[in-house]
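The same chain A turns up in both complexes below, where it pairs with chain B and then with chain C.
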Partner chain A sequence: MRKFLQAGAALLVLALYGCGGTGVDFIIVNATEPQSLDPHLVEGVPEHRINMALFEGLMANDPRTAEPIPGIAESYTVSEDGTVYTFKLRDAVWSDGVPITAETVVKSWLRILNPETASPYAWFPAAFIKGAQDYLDGKAGPENVAIRAIDAKTFEMTLVGPLPYVLGALTHYAFGIVPIHAIEKYGKDWIKPENFVGNGPFVLKEWIPQESIVVAKNPRYWDAANVYLNSIKFLPTEDENSAYTMFIKGEVDWITSVPVDLIVEARKRPDYHNSAMLGTYYYIFNNERKPLKDVRVRQALARAINRAELTEKVTQSGQIPAFTMVPPMSGYPGAKKFTESVEEARKLLAEAGYPDGKGFPKLTLLFNTSENHKKIAEYIQQQWKVNLGIEVELTNQEWKTYLETRDRGEFDIARAGWVGDYQDPNTFLDMFLIGGGGNDGKYANTEFDRRINDAAKMRPGPERFKVLEEAENLFIYQDMGVMPIYFYAVNNMIDTSKWDGWYPNVMDFHPWKGIRRK
Partner chain B sequence: MIRCNVLAYVLRRIVGMVPTLFIIVTLSFFIIRLAPGSPFSSERNLPPSVIANLEKKVHLDEPLPLQYLRYLGDVLRGDLGYSTKHVDFTINEFIARALPVSMTLGALALVLALSVGITVGVVSALKRNSLMDHSLMALAILGISVPMFVIGPLLQLLFSVHLGWLPTAGWLSSRAGGLTLILPVLTLAVTDFAYIARLTRTSVLEVLRSDYIRTARAKGLSQRAIIWKHTLRGAMLPVVSFLGPAFANIVTGSVVVESIFDIPGMGRFFVNSALNRDYFMIMATVIVYAVILVIANLIADLVYAALDPRVVYE
Partner chain C sequence: MTPPTQDTAVAGKSLSRKAIDRFLKNKMAVIGMVVVVLYALVAILAPVLPLYGYEEQVLDHQYLPPSLTQTGGELLLAKKTSEFESLARSQNRPLSAEELAQLKALKHTIANDPKHQRRYLLGTDYLGRDMLSRIIYGGQISMVLGLVGALTSILIGLLVGSIAGYFGGRLDAFLMRSVDILYSLPYMLLVIIFMAVFGKNILNLVFALAGVSWLTEARVVRGLVMSLKNSEFIEAARSIGASPFRILFRHILPNALNVVIVFTTLRIPTFILMEAFLSFLGLGVSAPMASWGSLIQDAVGGMTLYPWRLMFPALAMVIFLFSMNFFGDGLREAFDPHSEKSI
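On to the complex of A and B.
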């Protein structure tokens, strides 16, 4: 009997320890299971992190600044009017050895624009390339899309205007270059580990849905000499607290967020990295409803809250109070900032016919269900009550319901957030054009529209920024079309005394290529 | 003769499941479409052309009755379709991977909850109103009232962070191997353990007061024979009724436990698919859950009948 028990115990120990051992160089908690690994079928940030390991576009990102640097393209030239770009491709090959040609780029971009691909991010290249929107809408054939292969290594594209931020956009997965030859061979399954072909610093090695994705160094990558990690594992761990515990215990090397309750603790650690991010948290005013129709009311509401106190005491994660729509951005001087002043806010409200908030209707403030949004809404509710004497009612809805309500314009004030797709003020402004995709508050000012449209036709430089600045002044300083609250910050945890090549930046892009153990 | 009855009964029950499942599938199919939003709504409203392309791909552009018939046909062929959120695998592939994970976890937790729960219940009942009884029942109350999202992180904190004995999270094939099972199984078992212990205690006490036990005592049977042969058999009936739904619940995965311990099981699909309006994934989770529930109930009924001679198959 005793022997039997011993054998049983030994078996148990074996079973428990048996399948351990991982042998990967680097583990990242990537927060969720990706929608797909196909660059043309995704739209999220976790997907982007994986994409940066597996694929490379014409342009890549500088690890320090996230600015565009040559990727598969070696160099480029721009026509006089800024609309025609000609790229010289380097001698790069796919992970199966097939050369990457200009024809591959053409076919790749036509794939994402093809209505049958049904890509959620197809609107992005369609907004840049001449003729692309018509193809995406099914109004014209692929032959009208202004991209072509001049020879095997020369690719040319014509834009709808001199959009100066296009190079940054080219690093995006929506402009991804994909192995057409493998897709033709394997169909939908080309993205599975056994068939996978890529052109990034890593190739897909193992993919267990909901469990982990492992990528291994791609020896055929054109810059393989500068790839230091042999393998990376992406975990889809959703629970932030567990991720944090795993990081503290050294079970993982990088986590991309910190639970709000643990921020104070995390901030004391040297492996905590807080950086400003290209994103704005704001409230949408329903510009068509009374009393928000009145610009004085919008001004009063926006100026009556204390953003510094909100970010320091409530959100606590390094956010920066926002008095403009566009976050600080290199080269862009920035629009005029409005000032917070309870006194002036009260005066404006009185002028609008509501002295001390008397007679002000009870408005509702809509946000999507989340502890963080709730805390912020409660703080602002309190400030408006104390400072202006007005009441707002808080309503929270589950994400998709909230989106639907916002889309239909069935709200007074609604919480919103926007993260820039590229480093240019335009990505924060053009959605507020009349009829724009993110303009749920129905902000309408033809002067604003004129400037945004003018800027789209201008060459890069200070003059164009001046026009965008004027547009933003109209939008926020003058009209208070929406109410900026803060600029986002990201909280990464990675021990940079152990890992080299990882730098905080405003896009929160961290190319895998240069990361190495010190 | 009896066996024949059982077989006929089981067959009848299985046939009876078909309309039940059909009604569940039909109701769910139409109810989920009533929820505001769509699988493709997002913060930046996609251009109508893109939405149209996306919808066309999964036939959401067709009239609803036609979609329903198409879906019913697919399900009958055993094809649960594609998720609108995770597009590289079929739902069948997802479930084929996730269900065994949840089942392993659930079965282990249930075995643990049953063995410990019944033991504790019986001991409590036999020593009723003793210090032991009170402390065990206090423990059970604690187990019922403290939610898993508190127990899980507490266990992590103790065994992983402070003692360093066990890994924080993960699943079998990755990192620490089988050791990753321990904390989630414990967490998952706590609630059911507490219910089973309390249920067992109550029903053991009740049975002990019944006439046939008094008769057994009067016949001079030993305490052991009374407990094992006569009491437990009767006292297990409420526990068995509880086990049917409990089994279905536990093997289809716990959202909380799977999320805390990063386990690639079914639990996450339940919540995430609903939040994402991932229509076909929602349907798949409903179908899986419904099938397991009706089967578990059938098994519970059979066990019940085996334990209780008064039950006849009709």
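On to the complex of A and C.
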């Protein structure tokens, strides 16, 4: 009897909740107003969350592991040498009923690669597909890009090498499929709610800039039976403190970060989810400037700080101390870890000509303006002062200026973070090639380059990982090209006793499809 | 029984004596002055006062509340104990053996480690640094910044204003129109551009602030000079052949000094506030140095959990600004020849 009553009461509450209030099933604080809703014109994480509701690529993500699972593609085959992929598309349609064909995929990918689109993420597909880089650079026409529609439902692509992580990359919005017919009709305005056409589990219903974005269930989605929410509201609230308060009061269902000062409190709650993430927080040494040119100085700086204390007491959100560049990854054995030792750091510094830090020039440490980066920088600054007798000066710059300064290499030491684009060690290593886009510290070792390039031509498996491991050993253990600090962890707050279908995972990808009220 | 005649009482007082008397009669102004002097003393004596280093981190002592009686170690133990207890209460169980053992071990380390004997009168921040020390050293920075900024801006204002006022004509028109143009530009933007071009350090910050805030001073000084330049004693100086610069700097400016001093005192709080605002935007002093503004900025995030981190720096700043304003206002009234009413 009692049980029944409870169930009845719960039902009543549910019904009341469902009718009253905003009329939206699920509210998420999405941290910022999106750059755009066009998957080809965005580069951030908040945009990715919206994108996951509105669009689907050839591959989608498994909600538990974030591993690639078939999306618009039903199945695929790979050629013997691992470079040619053939996808069989399923019978999916756009939200306006127009069928999605292999031709749509070809046109979509050519759109992002088109230099005129000026997509911030065009380099990503260009790094995979044969001929794409030349088209992006304007050296060749679109006909040289190795993608084609064999028939209406068969799509084929040729890669620059047997890149085993390509399927994971295909879930990324840079490989997004867009409604070419709608874009041709409405131009830039196709992402407005009245014109919007998508192929994801939800369609855009309302968009009030700086206030909210509401999406509603897409009845034409191929897997609509497994979409349980009727609508989702994305709030662009940037202030973490007010987002946290809203969550505690029950006004929103999911927040994607927790203010650092409140983590102690949040950790005691059952709806707090902390999980490791595929990302590394590190400091870049300017390898071309004295005294950081000297590997002994870089080693000394990296080994003189206490990462366990930093992550436990300063950052406090479950980060893992990092002694390698690549975070723990399934299948990858991991490179040799360096050890922290103040003794040896002092010895190394003395060998480099600066006993007790005497005569060491005052270096500057650059970071982008943020509470969290400042705390970490202050901690490390003090550790270097106490342990090595070295003074560093902290400077902070606003995000865009900071990125430019880093790009131009005008720094001694700079804070950086990298979140993997796919689950393979390569995403953390190939940017440090000589002349590489992310190699702002100008790390240069031809041996390292040779191994990375070799690995790109190898089939997946332990041998390839062995070569990448050797490369990473050279990069960190031997050369200390950058200074790893910790592997990221993410804080989400969502009541999983109320919501089903939401799971923590290393990519922090949470598909909307399976989420439902328990 | 003859009453003192009025003549003798008035005759004995010089102008400045009168001003001082007027000032001393103004209670708020005197209190303001005493507080300002106290602040200045503490800031100057900070290195010899028994304070912890403002950059010294004791990570075990993060976020400790202010306490007059307990040491850092005791507070830490109390905090840990209540943490464990509330956890146990929420799970409806007594403290587990493991938790008790942890507390015991902590007690032992606290008793034996001298660092746990530290005392934090105003609590600690996110890296276990003493708030009292940070507020005092932060005050040093804020006050020096206010003073240097006000002096620099007065100096520029004095120069531009007196030249414009004395020479008049085209030069005056040119200088004043430049001031008008600078007035119309958003000053925060100018400061931010200045800092971006010349680099971000505290000296540049002061000059950037001074560089955009001498405009009012220049106008005030110009008005003063214009009213003085036609008075008889200037005529006299001119008639015996004194050079314009001699007249300006030996005869006119000393007479304008009262106003300038008063104006400077009233400008100091403005500069402190501007620095606080810039610090709040992350453009102020660079860590681990602090100013009142940056301390407040650091504290905003955890305001609900650790109110002392916000309260004390804000209080220190507000008291100083109040005192400075009362002090400046008292000075102004005292030196104003038209406010004879009070005597």
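The criterion applied here is as follows: the second predicted complex is superposed on the first by the 497 of 518 C-alpha atoms of A that agree within 3 Å, B and C clash if a C-alpha of one lies under 4 Å from a C-alpha of the other, contacts with A are read in each partner's own complex, and residues count from 1 in each chain.
Throughout what follows, contacts are C-beta pairs under 8 Å (C-beta built on N, C-alpha and C of every residue); 3 or more make two chains touch, one makes a residue touch a chain.
These numbers come from a predicted model, not from an experiment.
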item	value
Which superposed partner A:Lys88 touches (first chain B, second chain C, both, neither)	neither
First (chain B), second (chain C), both or neither touched by A:Asp137	first
Which of chain B and chain C A:Lys466 touches, first, second, both or neither	neither
Contacts of A:Lys268 with chain B and chain C, given as first, second, both or neither	second
Touching partner for A:Glu371 - first (chain B), second (chain C), both, neither	second
First (chain B), second (chain C), both or neither touched by A:Ile208	first
Touching partner for A:Lys336 - first (chain B), second (chain C), both, neither	neither
Superposed model, chain A: greater residue contact from chain B or chain C	B
Which superposed partner A:Ser119 touches (first chain B, second chain C, both, neither)	first
Partner chain in contact with A:Glu393 - chain B first, chain C second, else both or neither	second
Shared contact residues on chain A - chain B and chain C	241, 398, 401
Chain B contact footprint on chain A (complex, rising order)	15-22, 33-38, 41, 43, 115-120, 122-123, 126, 136-138, 188, 191-192, 208-212, 233, 235-239, 241-242, 245-246, 248-249, 251, 398-401, 403-405, 407, 416-418, 431, 437-438
Contacting residues of chain B [partner chain A, same complex]	35-38, 40-47, 49-50, 53-54, 56-57, 85-89, 93-94, 97-98, 153, 156-157, 160-161, 164, 167-179, 181, 259-262, 264-265, 268, 275-277
Chain C to chain A touching residues, read off their complex	55, 57, 59-60, 62-63, 86-87, 90, 126-127, 196, 200, 282, 286-288, 298, 300-306
Chain C-touching residues of chain A, taken from the complex the two chains share	240-241, 259-262, 264-265, 268, 309, 313-314, 369, 371, 374-375, 377-379, 381-382, 385, 393-396, 398, 401
